[in-house]
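Two complexes, one shared chain (chain A), two partners (chain B, chain C).
Entry: the complex of A and B
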C-alpha cells in the first residue's frame, strides 16, 4: 500500500522526556543530565495504579493537544468523538505482566492487585489517554516493532482520511523500568506526541501548522522504503534525516542528520513519533524544507517525509 | 453488487481447527471447556479454560503458540482466496496479548524467546514474505477494530486486498488477575445468565481475506463502527455501545429492523453483559420481532483479540447454512434480555441475510460490524 500525497498537517506536538523542554529541545545536540522527571507535572487521583508508559503518554499527549489548541483550560475545545488516539509502544506494559507472574510464582493469585488487570492488556495507555482527555473517537494501540512509531503516524492519516475522526493524537512511548532493562537492556524513557488533521480542518478552526505530512512506506529494505517516499520529490533533496536506531545498509544524502538514538537511547516503538516531532519542530523553526524519518527492524523498514507547512493555511 | 468482500477464511479455536469444524461444534452444542494445561494450577482457584491442546507435553508451556495459530489461519484464508503472494498485502492483526505469554515464560522460567517476536511482523515476514504487517493491540475488540482499518484501506483506495486476523492465547498474568477479581470462580461461561460469575478465557485465531470485488465467497462487510467510551479502564459504558451500534447501522444505510442475526459479545461477566443487554434493548427493543441473538463464548471461551472475527465467521456460516448455534449453559436469562430472542441450548433454523457482530474490549473499546450474505 502506498499513501498518496495529500494535505495532512501536524498542528501540535509535545514531549515527556527528561531534560528535553518540549519539541524544540529535540534539536539540541545533548540532553542535560539530572533533569526533573516530566511525569512530576501530573496531578490527580489514581496515579499510583498507572504504569510508567501511561504517565509519560499522558504528559506528552496533554502538551500536544494544548499546542494544537485542542485542549484548553479546563477541557477539550472540540467534541470528544472528533478526536482519535493512536499509541505506539512495544514495551509499555511488560512491567505489569512480568511483575504479576512473579507475584503469582512467589505466592499465588491472591498476591496480585486487581487494579493491575487492565494493565495486562497492551492498550492500557491509549485507554487512559482517552479517559483523561475525553477522546471518544477511534482508539488504537500499535505494537509493531521498530517501525511502529512511523506506522502509527501513517495509521493516523488513514483514520482522518477515512473520515473516522477530524483530529488524531499520535503518541510514541517506551518506559525504562527494571523489567524492560532486564529483558531488553537500557532504553529510552519518555514519550512524544503530535496532532494530525487535514488542512481543511486546521483552516476551519484557525490552527497553525508545524509541518505537512508527506508519504509513508513500509518496505522489505530501508533503501526501498526511502526510494518509494522520495521518488518524484524535488531532486530527492533531504534537508534533515532522522536516522534509524541501527545503521542501514544504504545512506541518505542530507544536509543535516539527527541521530535520536544517540541523544535519547534506543526508543523502539516511540522512535518514529519522536522523529516526526523532531522534524516538525525543525520545520517550524526554519519555516520550510524536507525532513526524512526512517526506522528499521527485523521485519521491515519504514520511511516518512515531512515538509514545511508553507502556504498550507 | 460491489463492495468489501470476504473471499477467504481461516479459524482455529478449542472446538476445531477450521471454520467448518468450529461451526459444526457450536451448532451441536459442543464446548471446548477443559482444564488449563500450561501452568501450575496449585497457584489458582479457577481451574477452567478453553485451550487449544497443542502443547508437546502436558503441564509444560512453550512460547510462540499464538504465532503458529496465526500462520495457520492466514495460510488457510489466503489459500481459499487463491492469494498466493502476500508480500505486498496489508495484514492487520488484532490481539490483546501479542506474544506476552512468551515474555512471561522467558521472564519467569528462562525459556528462550526473542523480544523481536513480541509482535507478529517477523514471523509473517519469514513465513509469507509479508512486509505490510500491523499488530493492533486493541484488547478484546481488536479483530473487529482491525477489520475497520482494513475496510478503510480498501474504501479509501489505499489497497485492493487486505488480510484481517485476530489471535490470542492465555497468559498467566491475565488468568491470575481474573481469578483475583471475581468474587467466586466461574464454573462455566454463562452469557446473560442471572447468576453469571464471570468470563473464562479461550484461545484461538481467525483470519479473513478482504477484497474490493464484485462477488464474495463468504459475504460482504457492510460497515464497521468503532469508538471509545473514554470512561473507565475496564467497566463498559452502555451509552457508548449504543452509539457504536447505531453508527454501524447508519454507515451501512440500515435500520435495526433490517438485522436478522445479532452476534453478541456476551462474555458472561456481570458488568459487560448488563451493559450490552441494555444497549441491545434500547436499539432493538422496538423491532418486532427483534433479530435472533446468539453468542459463541459459552463454548469457545473468550478468545479475546480473536473473538470478534470468530463471531463474524460464525455469523457468515449461519447466514450460509440458515442455522444459528445456541448459547449453552444459561439457566435463567437476565431480565434485560427477557423480550429478546436469545437462541438457547438448541440451534435454530431461519433464513438470514444481514448480521450484526459486536466486540468490546478493556479501555472502553467498542467495535460493531454489519455483514451480509453473498
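Entry: the complex of A and C
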C-alpha cells in the first residue's frame, strides 16, 4: 500500500528442473536430455511421504532463498515471521488425491494410508516449504489455471505492499507423473522460485537485485492484458517476450522471444513463475532492458513486466 | 487507509438457502442431525455429513447461488466498467465425477458473472475462506479493485471425507466444539459470500453496510502438517495483529471439535484476551453447521455481520458438558447483548496456516 510498484525487486531465484543449471540455464536454447533429478539433492527424514511437487518446490525454494541471502547455514538470516510463501500449481498433489480416489474405489477407506492422507490437502506444498525453512509469515496456495504463476507473483507484491511480510518466496511448480499425464498429456516437470521484496527492505539488508517488478494485469483477453501493462511504458518497447503456452491472436513485437513451453513442456500453473525467473536472469546478465511475460487460458490472460534493477539499491 | 465495507452477504448451509435461513438457525440454536453418506465406494467408519438440502451440487453451484444473493443484498450490478474481482477459497475444490478436484472455483464463478479481472482461487485448506476475505480486502486497499466478491465454498468430496475419517478426525455423535467428550469434527457442505467494497465506492452509490473489515492477521506455525503448534504462538500473533489492541465483543473461533485444536485455541484466546476471556462471548459456528472446510471462515464472517446487525450474540448450541480445560465463555441459555460492536473470526488450516480478522459495525 505504501510502496510504489516500481520499488518491488526480485532479489533471488532458483530452479529445480532436470538439465537446467539454475536460473541462467533457462536462457539456453536447449535442455540436455541426460541429467540428474534435482530432487536428489534433498536429504533427511520424511521424504517418503512428500509428493514430487513438494520435493521440487523445496529444492527451488531453498535455492531462491539462498540466492537472495535469506537462507544461510543453518537457517534463515531474518525472522521467520517476516518471510511468506505463495505456491502456484494446478496439478501439485493430484497424484496423491487420485491415488486415494483409486484406493477407495477399489477397496474402501482402510486401503488408504493415514501417513499419506495429509498430502491430499490442497496446501501441502506451501505447508512443507514453511515447515522446512521456518517461514512463519504469509502462507498461500493458488490454483488459478493458466494465469496462476503470474497471478502468484502479483499477489506476492500485494502481500508485501500490504505490509503482511517483508520478503515473499514465490514458487511455481508442476510435477510430471502418470496421473497428470493421463489427464493432460506430457507436461513440465519442475519448479522455479523467486524472492520478492521492496527496494527499501533490500537496501536495508544489502541485498543485490536481479530485476524490478513492473506492472501486472489480468484481463479477459491477451491483447487487453498486454495493452494495459505496456501502455505508455518506454514507447512499448519489449526486449524479451516470454510468450504463453498457446499462441495468442495478437503478437508482441520484441527483440527476442522465449518460448519456455517449447523448451520445457507445458508448465501450466508454474509457467508464470518460470517466465519471471527467466526474465530476471536475462536482466541480470544484460544489466537492463524490458521483459514481458504473458500467460493465457480459457478464462483470462495475464501480463507482467520486468525491468532491469538499475540503481535500485 | 481505504476503509473496506461489507455491503452484501449470502450463504448456503445445511440449515438452508440464504442468510435469512442462517439467521433463523442461529436464533433456534438446535443441533443439526448429521446424515449418513450413501457414496457406496467410500466405505467409512463414520460416514457422516451435514448436506445442503435439496439436489446435490458442487462448490461452484453453491457459491454461485450465494453470490447472486449477496449481490442482490448489496443492490449491486456487476457492470463491465466496474473494477471488480472474485476471490474465493475452497479446501476441496469442485470435485469431478471421479472424485478428483478442480480448484479453480473463482475462475468458474467469475466466468458466470462476466468478471475477468483479479480473480483468484485460494486453496489454503480449511482456512481458505478466511484468507480469501483478507486478500480481497488487500486488493481494495491497494487500489487494485473497488468491489470484490469473496468468501468460500465446499461440497462433498470423497477424498476429503474419507481422509478425515481415516485420520480418526470424525466425531461419531455430532460436531461439539469445546465439549468435554468431543472426538473430532463432522464435515459439512456450505458457502458464505460477502460483497466487499471500498468505502468511497459504497458511499458514492449510497449503499448501506453491515460491517467494516478493520483488521487482519496472518501467520504460519511452520510446525506440523496436521497438528497445531501446542503453544499457539503463531495463532496468538495472528489474533493480536488483527485486534491491534482492541477488545472484541464476540469471537467466532475456528473451533472444529478436534481435541487438540480446541484446546490450543482456547489457551491462545486466554493469552490474547486475558481475564476478559471470562466475559467475551464465543459463538461456536461449527456446532450449528458442522465444519464447512474452506467455507467455514467465510460463513463465520457472514454470521459476524448478522451478529453486528442484531447487536446480540445468539445462544450457542448447548454442550453436554464444557471441557474444563477450554476456559472460554460459551453462552448457551439465551442470547447475550454484544458488548462491543467488534467480532473476531479465526480460521486455521492443515499446515498451520492461520488467519484472523475483525469486523466492526460500519
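The rule is simple: the second predicted complex is superposed on the first by the 308 of 313 C-alpha atoms of A that agree within 3 Å, B and C clash if a C-alpha of one lies under 4 Å from a C-alpha of the other, contacts with A are read in each partner's own complex, and residues count from 1 in each chain.
Here is the rule we use: a contact is a pair of C-beta atoms (placed from the backbone, for glycine too) under 8 Å apart; a residue touches a chain by one contact, two chains touch by 3 or more.
All of these numbers come straight from a predicted model, not from anything done at the bench.
Superposition of the two structures on chain A leads chain B and chain C into a clash. Within the superposed three-chain model, A:134 lies in touch with chain B and with chain C [touch as defined at top]. Once the two complexes are overlaid on the shared chain, A:36 sits clear of chain B and of chain C alike. In the superposed model, A:287 lies in contact with neither chain B nor chain C. Of the two partner chains, both chain B and chain C are touched by A:161. Of the two partner chains, chain B and chain C are each touched by A:80.
Of the two partner chains placed by the overlay, only chain B lies in contact with A:184; chain C stays clear of it. In the superposition on chain A, contact is made by A:97 with both chain B and chain C. Of the residues of chain A, those at positions 1, 80-81, 90, 94, 97-98, 100-101, 104-105, 108-110, 112, 114, 117-118, 120-124, 126-128, 130-131, 133-145, 151, 155, 158-159, 161-162, 164, 218-220, 299-300 touch chain B in one of the two structures and chain C in the other.
Taken together, the chain A residues at the contact with chain B in this complex read 1-3, 80-81, 85, 90, 93-94, 96-98, 100-102, 104-105, 108-110, 112-114, 116-118, 120-124, 126-128, 130-131, 133-145, 148, 151, 155, 158-159, 161-162, 164, 179, 182-184, 218-220, 297-300. The touching residues of chain C, when paired with chain A in their complex, are 1, 41-45, 90-93, 98-101, 103-104, 106-107, 110-111, 116-125, 128, 131, 135, 138-139, 141-142, 144, 158-160, 162-163, 165-168, 218-226, 234, 237, 349-353. Contacts from chain B toward chain A in the complex involve residues 42-45, 87-88, 90, 96-98, 100, 103-104, 106-108, 115-116, 118-119, 121-122, 124-125, 129, 131-139, 145, 148-149, 152-153, 155-156, 158-159, 171-174, 176-181, 226-234, 240, 243, 361-365. Across the complex, chain C is touched by residues 1, 80-81, 84, 90, 94, 97-98, 100-101, 104-105, 108-110, 112, 114, 117-124, 126-128, 130-131, 133-145, 151, 154-155, 158-159, 161-162, 164, 218-220, 299-300 of chain A.
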